[in-house]
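Please find the structures below.
Heads up, the next two complexes both have chain A, just with different partners, chain B and then chain C.
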Partner chain A sequence: MNTNLKISNVTKIYPGCVANDDVSLEFNSGKIYALLGENGAGKSTLVKILSGVVIPDEGKIYLNKNILKLNSPSDAKKNDIGMVFQHFNLFETLSVFENLIIDSDEQRENLKEKIDTIMKKYNFSVDLDVPVLNLSAGQKQKVEIIRCLIRSPKVLIMDEPTSVLTEQETSELFLSLKKFSEEGILIIYITHKLKEVMQLCDEVAVMRRGKLVSVSQINNENIESLANKMVGQDLKTIKKKKENTSSEQLIKITNLNFTSEDPFETNLVDINFSLNRGECLGIAGISGNGQSELFQVLSGEIISNKNSIEFNKNFIGDLNPQERREYLMAFSPEDRLEQAAIPQMAIFENVALNNFKSSNFFNNGLINESKIKEHSKKIISEFNVNTDNIDLKSQFLSGGNLQKLIIGRELITSPDLLICFNPTWGLDVGAINYIHETLIKINEQNKSIILISTDTDELLKLSDKISVIHRGKLSKIMNSEDVTSEKLGVLMGGGN
Partner chain B sequence: MIVDINFVGLIIASIMASAVPLILASCGELITERSGVLNLGVEGMMIIGAISGFALMTVTGSLIIAVFGAMLAGVLISTIFAFLTQTLITNHVATGLALTIFGIGISAMIGKNFVGIPGKEFPVLFEGLKDTIPLLSPILFGHSIVFYFAFALPFITSYFLKKTKIGLIVRAVGDSPESASNQGVNVRLVRYACILYGGAMSGLAGAYLSMIYTPQWIENMTGGRGWIALALVVFSTWNPIKILIGAMIFGGLTIIQFHMQAIGVRIPVQFLTALPYIVTIIVLVVISRDSRKIRLSTPSSLGKSFYKDN
Partner chain C sequence: MIKIVKRDQPSKAIFFFTPILAIFLTLIAGGIIFYILGFKPFEALKFFFIVPIADKYGFSELLLKATPLCLIAIGLSFCFKSNNWNIGAEGQLTFGAIVSGGVALLFYDQEGFYILPIVILAGAIGGMIYASIPAILKTYFNTNEILVSLMLVYVSKLILDYLVVGPWSNPEGFNFPETRQFSDSARLPLLFEGLRIHAGIFLALAAVVISWFVFYKTYLGFQMKVSGFSLKTAKYAGYKGKKMIILVFLISGACAGLAGVGEITGPIGQLHREVSPDYGFTAIIVAFLGRLHPVGIIFASLVVAITYLGAETAQIFMQIPKYTGQVFQGMILFFLLASDYLLFFKFKFIGTKK
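Right, the complex of A and B next:
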């Protein structure tokens, strides 16, 4: 049976922003549709409307010409619309089976049988009795998909499904999605990754600032044309010049181990690497493989053996972040609003948190406000932070501006080494470009970077050397020219 | 020295009796907390239950009305908490503390007229079997219905959470209210129900104190048992069976230290009085130190308000 889903003149306004501005779209089963747009373009709002999580201010939705009332997620389920959210909607402490039975009306035995059939049919293998928190991201996603399939949906919506997957898992997912589509399920695929749209989809709708910009057949598009539609301007591609870097060693990590008390953290096993001045070392990996622990060990949030970290000929393994900063290290953690900045404090106060002995931010225990403000203004202008109000609370900065502020705060003291963790996570293309340019500039000034990132393209673009972290172990260090994203994918999945 | 075996049985029975209010209140609070709500008002709800039960018994003369009235009083006062924390999204901790202070105050006010009035005898079950088996008889027979209910409750609670669909939904809401809401679960409704249930059990615990354990009204007669019940929930890592163990240890040490004080053991009284608190916590911490299990049974959203954005 054919399924026709129609969105007609949908508008959703949040205070201060129009998330969806008069959007109309039509989908038919048998095809895979891409909904493409940057962060904040309104695509997530649109699919939340389709799944009943958000109620639109205006507009109607039709399924097979019948008007749909979607006032809650259960309405969407009743109408056979299934949704796999970007941030998994699973209960971590419940077992896989408990997660599946919770919104099903079937008896245990029937449901078990049904799940078995689905797993066999699509070649999924997930242990039903383990708690979800023990699963990898790819497996969690399979649980979400099974949960949708149990209800034999007519429409399946996937919201940025590959952001946590390896290359291999991604191609498995694509195979499954194509199979679903052949079986008559209408698939709507939300993403900001252009490559995936070209690989998977038949039709593409592009959104920008809440508006629908274009709807077209994939055959008539290419990556550049889609990128320009998505951003609304021509993008310059930046490239790193590979120069001969110096051979002066800056940091050397020797037999660094970290054993966590918390069984849900990853232990680090025998980390060894060294980095020269002017180089960028990229560390790839699927999130949750020890990146956050590695960042904390390198930044001094977790203190280790004194001799395990040699920086500029000093042994600093037992120093805290503040002390390491005095040796000219700088850090940009993954979580901007929790670790890097304090959301309720003003921009200038956040700047003052990065306090050096030489910066004289404090006199006899009193805050030297004018000094800090002057310093903050300098950061804002040098690093293109789009605000002139340094009294603004940092939570009101956009992700991109906040990241520029943080990187600026770290770089203004011209450190020898910047360690950053997913610096462009969740940013729009413009901000990503700026951050990438800045990182390249640092290397050109003969300063070094350790870039821990889950974005393989970013790593290949910026790194001189690359290593992969898997279950707390680093692979051997490779020259980035010799590495392809496929090879990284294999290593990230634990292969050789 | 010859110890009368039935005397040992009696001591064990008295230990169990002193554990009853702790088990009732803890198992109620456990359900509340498993849904992600931290209600620090247990002490307040308990004492409201105590005065309501006693007052209703004196006024109406009916024990059934008194027991159910006490539970209803617990439900009513916990409705205030539920309305504040779930509908008006106030802070769980502050609201719970306010509830306790309110409960202690209002119970003292109502209770003024009931001080010094003797309680009524509460009927016991299986009294005829009291002398049949040595040692076990005094433990098993001749107790009130609330007593038997209390010792069944941890097992019922455990079964409810592990084996029933509603129990699963309660755990799911406590784990991630956002996910539950996106799955179509009415988070606010579930939390309301769990808070009200917790209130009913605290009310029953209070009624047990004022009607069965020491049948009379004394101001502030719960004497911190609500706080102990709260601690039991946390230190048992939200496991009803461990609550039973903890409540027995606490009850046991309380009774034993009384006896030790009575026979004049030369240990400072302050230390003896503190003993049950210290030992209970140590034992529960030791038997629950498996961090994996702690992670699996701790409600991740405990004490956090849930906002639904639309």
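Right, the complex of A and C next:
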């Protein structure tokens, strides 16, 4: 039986932003649809509307010509719409089977039989009696998918499902999705990854700033054309010139260990690496494998053994971030809004967070506001931050501009080493390009970068050397020419 | 139709308007409560808020009550601004009073200009010692400062109880739970003949000026502000978090201790069981009503001080229990928190067009 899902003139307004502006779309079963857009384009809101989490201000939704009333997630379930969210909704301490039976109305025996059939049919192998916390991300996702399949859905919506998966798990997922589609389940695939759209989908709808920009057949598109639609401007591609880097060692990490008291943190085990001047070391990995801890150990937020970090012939393992800055290190953390900057404070106050001695931001314990402001103006013009008001609270900067401000703040001291963690996460493509260009420029000036990132493409583009972090351990360091994204994928999953 | 819209930027005017709105709403709610209790609302409110400060003596009493509130609230704002939740100012006040009272008792039969400064200093140090307990436990043992500082309040009150009943009780005092009277040299000078307002008010005003300077002009103030918004950012910027926690607790404790000194060397003149009618707790309300801003705290301390006076007058003239004062203090905080909603949202009136 064919399924037809129609979204008609849906509008949803949040205070201060129009998340969906008069969006109309039609889907038919037998095809895989991509819903493409940058962060904040309105994809998630639309998905939440389809799954009953959010109620639209205006507009209607039809399933097979019948109007759908979706006032709660259970309405969506009743109407055979299944959802797999980016973040899993599973009880970690319960077994897989317990998780599945919780929201099922079926008898234990029947359910078991049903699950077995599904697993056989799609070649899933998940141990039903194991607690969920012992599963890998890919397996957890399978549990979520099985949960949807039990209800034999007509529509299956996948919200950015690959952000936590390795390359191998991703291709497995794609195979299953194609199979579902062949069996008549309508699949809507939400993503901002262009490659996946090209690989998997038949039709693509692009959203930008709450509006539907285009709907087209995938055969008529390519990565560039989709990127341009998504961003709304033409992009130039940048490439790193591979030059002979110097052989002068800048930083050396020896037997660095970190054991956390917090069970939700990852322990770092025997980290060893060194980096020369002018090089970029990329550290790949699936998020949650110790990247955050590694960043903190390198920045000095977590203090370690003095001799474990040698920087420019000084041992600095026991210094805090401010003291490390005096040795010409700079840091750009992952979380722009909660760590790297304070949204409620003015731009110039955020600049003062990087308080290095020669800046004279604070003399004898007093604030030297004119000095800070002068410095801020310099950063804003040198790093293309799109504002001329340094008294503006930084919450009014877009993500891209805020990141430029942060990178600018860190680079204005011309540090020898910049350590950055997911510097382009959640940014629009224009800003990503700018940040990438800046990072390449630093390398050209014979400065070094440690780039911790979950974005494999970014790492391959910018790094000279690459290593993978998995469960707090670093793989051996490879030259980036010898590395492919498939190889990284294997290592990220813990393989060899 | 009324629609609630998020503000683009929390408005500065609203920031200072909501405390006034909160006071206004408190008056209305208070009037309703009086009405339900069978009093004429306007008359009751008059007895509560106007009669007590209608004469010179009343005004002096207002300043007398506002002085400790202001001083403690200024100290607390150092803690609150930097994300440290010291709610044990009452204990720090009591301990400051104990230490300075002990010193004053040493000099009970002596006169000399040097006595008062020593007594004042002793009070500040006492408050600091007592505040350092939650601070050190927090920084080195990861305890929760809210619990520790609160529980220490009761410890200090029991210590005071023990002292005034036992070892420090007045040998000629017929076993009343109080110490000897301090000598005149250990008393804060009165500002006007016949009024109780004393020189302690200058301590409070000095604290206001110093705190303003520290908050807005110094590196310490900047670090406090950053830590208040995000401890993660403070760590990333490399601020010495532990040092700062201890420092703000010491400042806060010193202020509370000074407030204790002001009470026992001012109006009371000796140690007894009730050195403070919960000034240390009420000052938390004052600090927030004043928006943790030094000038705001001055006004807030005056407003809250009225509730103390009003409760007393209302008890005398209308037989309303004096605990009504605490009801008003609670309502002010309640309405303040509620009206803070307006900081981030505004009402928009839209014509019913469709």
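Details
As a convention for this text, the second predicted complex is superposed on the first by the 441 of 496 C-alpha atoms of A that agree within 3 Å, B and C clash if a C-alpha of one lies under 4 Å from a C-alpha of the other, contacts with A are read in each partner's own complex, and residues count from 1 in each chain.
Please note the rule applied: a residue touches a chain if its C-beta (ideal position, glycine included) is under 8 Å from a C-beta of that chain, and two chains touch if they have at least 3 such contacts.
From a predicted model like this one, the values you see are computed outputs, not experimental measurements.
In the superposition on chain A, contact of A:396 is made with chain C only, not with chain B.
With both structures placed on the common chain, the touch criterion links A:299 to chain C but leaves chain B unconnected. Judged by the touch definition given at the top, the superposed model places A:352 against chain C, while chain B stays out of reach. Of the two partner chains placed by the overlay, only chain B lies in contact with A:90; chain C stays clear of it. With both structures placed on the common chain, the touch criterion links A:457 to neither chain B nor chain C.
After overlaying the two complexes on the shared chain, residue contacts for A:367 are found with chain C alone; chain B is out of touch. Contacts of A:58 after superposition: neither chain B nor chain C is touched. Applying the stated contact rule after C-alpha superposition, one finds that A:437 touches neither chain B nor chain C.
By the document's definition of touching, of the two partners only chain C reaches A:335; chain B does not.
In the three-chain superposition model, chain A touches chain B and chain C at no common residue. Interface residues of chain B, counted against chain A in their complex, comprise 165, 168-169, 171-172, 175-176, 178-185, 291-292, 295-298, 300, 309-310.
On chain A, the positions that touch chain C within their shared complex are 14-16, 299-301, 320-325, 331, 333, 335, 338-342, 344-345, 349, 352-355, 362, 365-367, 393, 396.
For chain A in complex with chain B, the residues that touch the partner chain are 51, 53-55, 72-74, 77, 85, 88-94, 98, 101-103, 131, 133, 261-264.
By the touch criterion given at the top, residues 4-6, 8-9, 216-222, 225-226, 229-230, 232-233, 235-240, 345 of chain C touch chain A in their complex.
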